[in-house]
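In what follows, structures are represented as structure tokens.
Next come two complexes, and both contain chain A; in the first it sits with chain B, in the second with chain C.
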Partner chain A sequence: MRTAAAILRKDLLLELRTLETLPSMALLSISTFVIFHFGLNQDSLSGQLAAGVFTVTLLFAAMLAINRLFVAEREQGGFDAFLLAPVDRTAMFVAKAAALFIFMVALELVAVPAFALLLAPPRLGHSLAGFVLLLVLADGAFAVIGTFVSALAVHTRARDLIGPIIGLPLMLPALIATARGIGPLLRANSSGSPQLKWLLVLALYDLFNALLAVGLFDYLIEE
Partner chain B sequence: MQLPHCVGEMRDAASTITTEGAAAAADGGSPVVALERLSRHFGERTVLRGITLELRAGQTLAVLGRNGAGKSTLLRILATLLRPHAGSVKLFGEPLPRQAWAVRGRIGLLGHEPLLYRDLSGRENLTYHARLYRVPTARVEEVLAAVGMRQRGDDPVRSLSRGMVQRLTVARAVLHSPELLLLDEPRSNLDPAAGDLVEPLIGRSAGITRVLTSHDPQAALAEADLVLALAGGRAAYLGPPDGLAPEKLRSLYA
Partner chain C sequence: MSTHVRHLRGLTVVTALMITAGLALTFFYAPLDAEQGFVQKIFYIHVPLAIVSLVGFCLGGVYGIGYLRTGKRVWDMRSYCAIHMSLIFSVAGLLAGSIWAKASWGHWWVWSDPTLVSYLIVILLYCTYQPMRFSIEDPERQARYAAVFSIVAGAFVPINFIIVNLSSEYLHPRVLNLEGGAMPGSMKLAFYTSLIAVALLFATLMKYEMAAKELRIETRRLRRRLLGDDAGPLGRTASPS
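And then the complex of A and B:
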């Protein structure tokens, strides 16, 4: 855990210095909401359409972070430095997934208000607790799958393509569960509570992918 | 260039810095490095073929050969970053890559890449490495002083000259007091003053077992106990430096 904390601290410090990822993610999400606002010519979206727009926007913003997650390690020798150290390889997975999770939460601090402002879904405030719970589980899926895919792609020549090509299908079940879970919360007659089945699907999918990724991560970063 | 300003501080600190690894390794017992018929290829190209040697504690092995001879590949195998494809590699008696985890903390690598994040300062980079190696952070100041970079320690690495980055790289390589130093062109980009400065850390006087490559064969031979000359991935010469005839040396680089 101390090693993972050291890597996470370094990653957050690097992002703070360079601001390469978070501003791009925020800008992309706001731009997408603006495009939907004018493209659909609607001041307000509700239900499944609103959920779909929001989830897909998060996904595209997440892909930016996923593509950049290991760039500093690859370009500045971070992989070699880490591999030389007598530490558990899983620490890097934990740290990178935690960094991606933090990036997603930070993005949502900007994206949710922008979504409320530009596409004004009904009863978002009323459903906020359930909405946040679903987002946390969705962020878990983005973090775990994104880190795995990013580590897989970073050693390939076509890494910018590999991320989306492999990542999107792997994230599909989580996307479906997130969108289907959020949809009812954004209806005018929302009860305010998410359906338990979508929470369970997301939680189990997070757990399954985390176990799989931890098991395979060593093989991805070592020669 | 900050160097002249800091030289006094650097020399003092460098002379007091301890090389615990060297003391531990100087038992002269089992070989620190033992290679037997080591081979490695990249795709269809064989880079190393059947290399066999032993290096004992406190000794220096100079690996010579022209560009692409396999010197860096050999160092990366010893650093546990590459796997051997045939033969056996033992470090401190532990076979690689199976027991790589057991020896990693005892190796220091100074390669072509500094392994430092450009947007972090030298101090932040070294603190990060100290955490990876579970080294007390006080050691960071010690090695920064030893390479004369305390005053520029908070500057981002990208703003430093190549020589300063190389000094930080030396600090990174010795931060955890390794018992085996793998040095790939260790003095590149260093001016004579900086070269003198890092000598107590990575030079012969450090007493650490070393494997080094250099574009300056005469300097490498002067530091070596054992010479491995690589040509076409094979050992063209393996033996003491005074056994390497000048014409053989010339032919290596022809």
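And then the complex of A and C:
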């Protein structure tokens, strides 16, 4: 656990000092909202359409972070150093997934207000609690699957291509659940609480992927 | 002669016979569907293709576990060939399903059918298997990463079906529900014969592919022994080598 905390601290410090990933993610999400505004020719979105636009935007921003997640380790010999150290390899997975989760939460601190401001979905304030709960679970899926895919892709030659094409289908079930869960919350007549079904699906999918990734991660960083 | 080549001729003959029997039963024995008529015959090829390809994907994952546990290249080869064949079968199954959808629902693609949609997602995932292998140069790492991919993707297949099914109202004809389906006996006979025929076809083609790959590896080894370092590379490949 201490190893994981050390790696996480290193990653967050690196991001704070270089500001490489997070500003790009925030900018990308705002640009995507602008593109959707023009593409759909709508000043405000509601219901399932709003949910879809928001989920897709989050996904694209997540892809940026996922592509960058292990690049520093590979380019600056972090992997070799980690493999030489007498520590549990799962620590690397836990730390990277936690870092990705924190990145996603930080992104949403910008993206949710921007979404509310630019595309004005109705009832967002009213159903904020359920909305946040769904986002946290979705971030869990992004973090777990993203870390796994990133570790898989970082040693391939075309890692910027391989990561997204493997990651997208694997994340689809989580995206379906997130979009379907958020959709009813953003309707004009929303009750304000999300359907239990989608919360449960997301939580189980997170858990399932976390177990699978923890079990298999060791094989990905072996030399 | 390697273990994969043994029984290959017998297996081929049995497969050819079963396919003939399956087609004969489908076209001359099974009754016409009361609602859909002749078009429904495609069911005898579409459903077996879908079932066999999905089982094949999961089988690739099981072989992947075999590789990670033993580290023997033959498991990687099995996993690769199972996934390769399943991908071909699944694309054929998807096309057959699309034709059936056009004939019975009037559209080539139907989003309201969760089985078709989740099938497409699974195919999209497995389409990335070969590009991933292809972009890893070290053969040992290639095999290890491919095994990890095959296990995750194999586990993804059933989970994905469950979640996509939750997301839409069902439309797919449930011919094989838990109560044994609404098929009359003659349809069942034709269907199960076709299913066995397609499964045998899968096994036969997979064995042929493995035999061909082993032969290529053997050829390369002999070439290297004859020519030494002059043998030169035979080109890059995504398959185990």
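In this text, the second predicted complex is superposed on the first by the 223 of 223 C-alpha atoms of A that agree within 3 Å, B and C clash if a C-alpha of one lies under 4 Å from a C-alpha of the other, contacts with A are read in each partner's own complex, and residues count from 1 in each chain.
Everything that follows uses one rule, which is that contacts are C-beta pairs under 8 Å (C-beta built on N, C-alpha and C of every residue); 3 or more make two chains touch, one makes a residue touch a chain.
All of these numbers come straight from a predicted model, not from anything done at the bench.
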Clash or fit, chain B versus chain C on superposed chain A: fit
First, second, both or neither for A:197, with chain B first and chain C second: second
Which superposed partner A:6 touches (first chain B, second chain C, both, neither): first
Partner chain in contact with A:83 - chain B first, chain C second, else both or neither: first
Contacts of A:14 with chain B and chain C, given as first, second, both or neither: first
Touching partner for A:106 - first (chain B), second (chain C), both, neither: neither
Which of chain B and chain C A:72 touches, first, second, both or neither: first
Superposition-derived comparison: chain B or chain C, residues of chain A touched: C
Angle at the Cα centre of chain A, taken between the Cα centres of chain B and chain C once the superposition is applied, in steps of 10 degrees: 90
Chain B versus chain C - smallest C-alpha distance in the overlay, whole Å: 6
Chain A positions touched by chain B in one structure and by chain C in the second: none
Residues of chain B that touch chain A when the two form their complex: 79-83, 101, 104-105, 107, 109, 111, 113-120, 124, 128-129, 131-134, 156, 172
Complex interface listing, chain C residues touching chain A: 68, 121-122, 124-125, 127-128, 131-132, 135-137, 141, 144-145, 147-149, 151-152, 155-156, 159-160, 163-164, 166-167
Residue ranges of chain A touching chain C (in the complex, touch as defined): 148, 152-153, 155-159, 161-162, 165-166, 168-170, 172-173, 176-177, 180, 197, 201, 205, 208, 212-213, 216, 219-220, 222
List of chain A residues in touch with chain B within their complex: 2-3, 6, 9-10, 13-14, 17-18, 72, 76-78, 80-87, 223
